[in-house]
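When the chains are written out, they are named A, B and C in that same order, and each has its own residue count from 1.
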């Protein structure tokens, strides 16, 4: 019945003049990547005709890192009777699902690396997008691009759920590919410089996944990589200009667009239980030729074929 | 009821507030280790529930872990003569790594797993929607009653005296250091038990869920005191629970209506901190306004 | 011998200076003795009490209480044998707790159980004990100690100190911070309780008249040593002028002491 109402409202909404759909969006902290994700969701809906204030109304919240507030936000959404919830990051999603499980209200999660491990996938009204990156593909890329790669270093924050999962995957993939891996923990941005320093002379390349702490303290790692003339691969394509040699992955704005697609499907009538959660596809591969020149690294012609884009002379060039 | 969730949270976190009351007011010990013992309780309870342990015992085991952690802070402060604030911080830092080890990962999902709150609600055949509230209430009030009774025993009274006048306690033949260790153990036991229950309430245990516990605890204690102005122990303990509920209600109100006034949840933390600051500084401010010296 | 102090020396270093608070001091108290201790500031009186009570460790020497060597015992362990009253009325009680609770805590020394502190029977017993003070405190059992006057608090503290019939009672200028009327009252109460329970007592006082009035022995200290240790007859024969003369002879210029005044806390006494 509720689904019917949503469809009816959605249709009415698209044609204007009816009660707007209320979508609650919650995230655990205020953070550029998460904000980009949220913006992507809103943009995806806007492109489909959902204009804020007309046929859709957003309640934007963030828990400022306080898990009890994340719970309170979820309860507030329920009490307000929102039509759909978008939860960005794992803890916010867990709080929302705990409150909304057993209801008919659709929940769409975003930026959750391991939705199965987080227990989110067993509920019929819950679906979403996972931002799990293809770690193995990154390592294979490194093997192809860095000749003679034997030892790899990784810095991560063991306290970040998504990051911990990706590091486990890195360990597994490295073992399978015969690369020896040194993992250095950094429990906060202050610990990153020392962690990076400790890798000098011990590794042939550095690989970091979508770890928020690394993202916040990227410069010291870039500096160490340049100092040791070591290739550095970071799974965030927006960081290319900060001096990273190779960037893979996706822009969180695109992840938001992907999430927005799921929301649209639900608004147009598909039940969440018929939408399996999606993994972000379409990984970009960027080579930074300026940094390569700086550290004396050469991308072979073969290697260059693997890139989807190059940075040269400070400008980005995308391959057709 | 619109603010049912806030009342539920107020009661479950009320256990934590009782623990903070015990250390901060009774022992006069500002104990920062609660930021670590709260998630410790969640971690222990969480991992046990995933292993199939009855959620009630899992929560109590979480509380037991908190007892040990609190005792550690006490030992650091008394036997090793480390200043109280630092002792608490050290314990908190140690617990961060320990909690990660216990859980094996930074986040454990308990969604769909048995919870003592829903279990209790079922056993008592409570009406849907009120199950969590009553179950939380039972836990919170039981803890409050036990704490009140304890503070009226010879041991509890000695602990109360020790927090204000350790010299007196020494003159009466009891070692105030031991009382402090016991008090910190009990305090953190309550906090960790709260953590174990919150994990079941929220559906997950996360290594970061302890951040800000001491602030929330202090805010609850102080708001309660400001509202009720208790003059007896019974009044003080009631005030703590009332304060905890009011604190969570304030968050819900800010979430619901704050946007209209330009507030966000992040502003609420600032406001909370200012309330705590104001209440703590009130005696000094009052004296300054009257022109007295410090 | 209830109290034996043998060869006790204690030196404090204050920055570059070294102060000898107790200098090879010997003191013996037999059961039932009530010794008053008098001396100028810095004579070492409080240090002596601290060393006996255990809150201060001597550099050298031994302390024996009721035949046991307690030199190595921590303060809270010695407290089983000792009752102590401090000068500051705030120190002897827990002000945020009630009169009844304070007194109830003092009925027992040592380890505390989980038994309720204030049973009906205990309240009755405490009420009777308080009535003996004749200060009306038995009607104020449920009041917080913070609401009592200094004199009432100190009387309560004295009562708390003797409740368990300690082997030794230590009084550290315990009337000095009180106004004259209350000081007198508390002193009378002290004398009565000591006599009633035949307590061995060591009382430090800054007032020479008090030192002579009360007790059967007089100890005079100066610069960490005992100059005079008088027994009952000699003490009875002594007058305040004699004491003043004695002090002058050893070169004490402590006006407050010589003029027989109390210390400058809550209204000293003026002769």
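The rule is short, and it goes like this: a contact is a pair of C-beta atoms (placed from the backbone, for glycine too) under 8 Å apart; a residue touches a chain by one contact, two chains touch by 3 or more.
Predicted model only: the values in this text are computed from it and were never measured.
Undergrad: Report the chain closest to the protein's overall CA mean, measuring from each chain's own CA mean.
TA: Here the chain at the core of the arrangement is B.
Undergrad: Write down the chain pair with more C-beta contact pairs when B-C is set against A-B.
TA: A-B
Undergrad: Suppose each chain is reduced to the average of its Cα coordinates; what separation in Å results between chain A and chain C?
TA: Distance between chain centres: 73 Å.
Undergrad: On a C-alpha centroid basis, what's the spacing between chain B and chain C, in Å?
TA: It comes to 42 Å between the two C-alpha centres.
Undergrad: Can you give the whole-Å distance between the Cα centres of chain A and chain B?
TA: 34
Undergrad: Can you name the residues of chain C that touch chain B in the complex?
TA: So the residues of chain C in touch with chain B come to 55, 74-77, 79-80, 82-84, 86, 91-97, 101-102, 104-106, 108-118, 160-161.
Undergrad: For the complex, give me every residue of chain A touching chain B.
TA: Spelled out, the residues of chain A in touch with chain B are 30, 59, 61-69, 71-73, 75-76, 78-80, 90-91, 94-95, 97-99, 101, 117-120, 122, 158-161, 164-165, 187.
Undergrad: Once bound in the complex, which stretches of chain B touch chain A?
TA: It is residues 2-6, 9, 13, 96, 100, 105-107, 109-112, 198, 201-204, 206-209, 211-212, 216, 248, 251-252, 255-256, 259, 264-266, 268-269 of chain B that touch chain A.
Undergrad: Can you check the complex and tell me which residues of chain B touch chain C?
TA: Touch list, chain B to chain C: 150, 152-158, 160-161, 164-165, 167-176.
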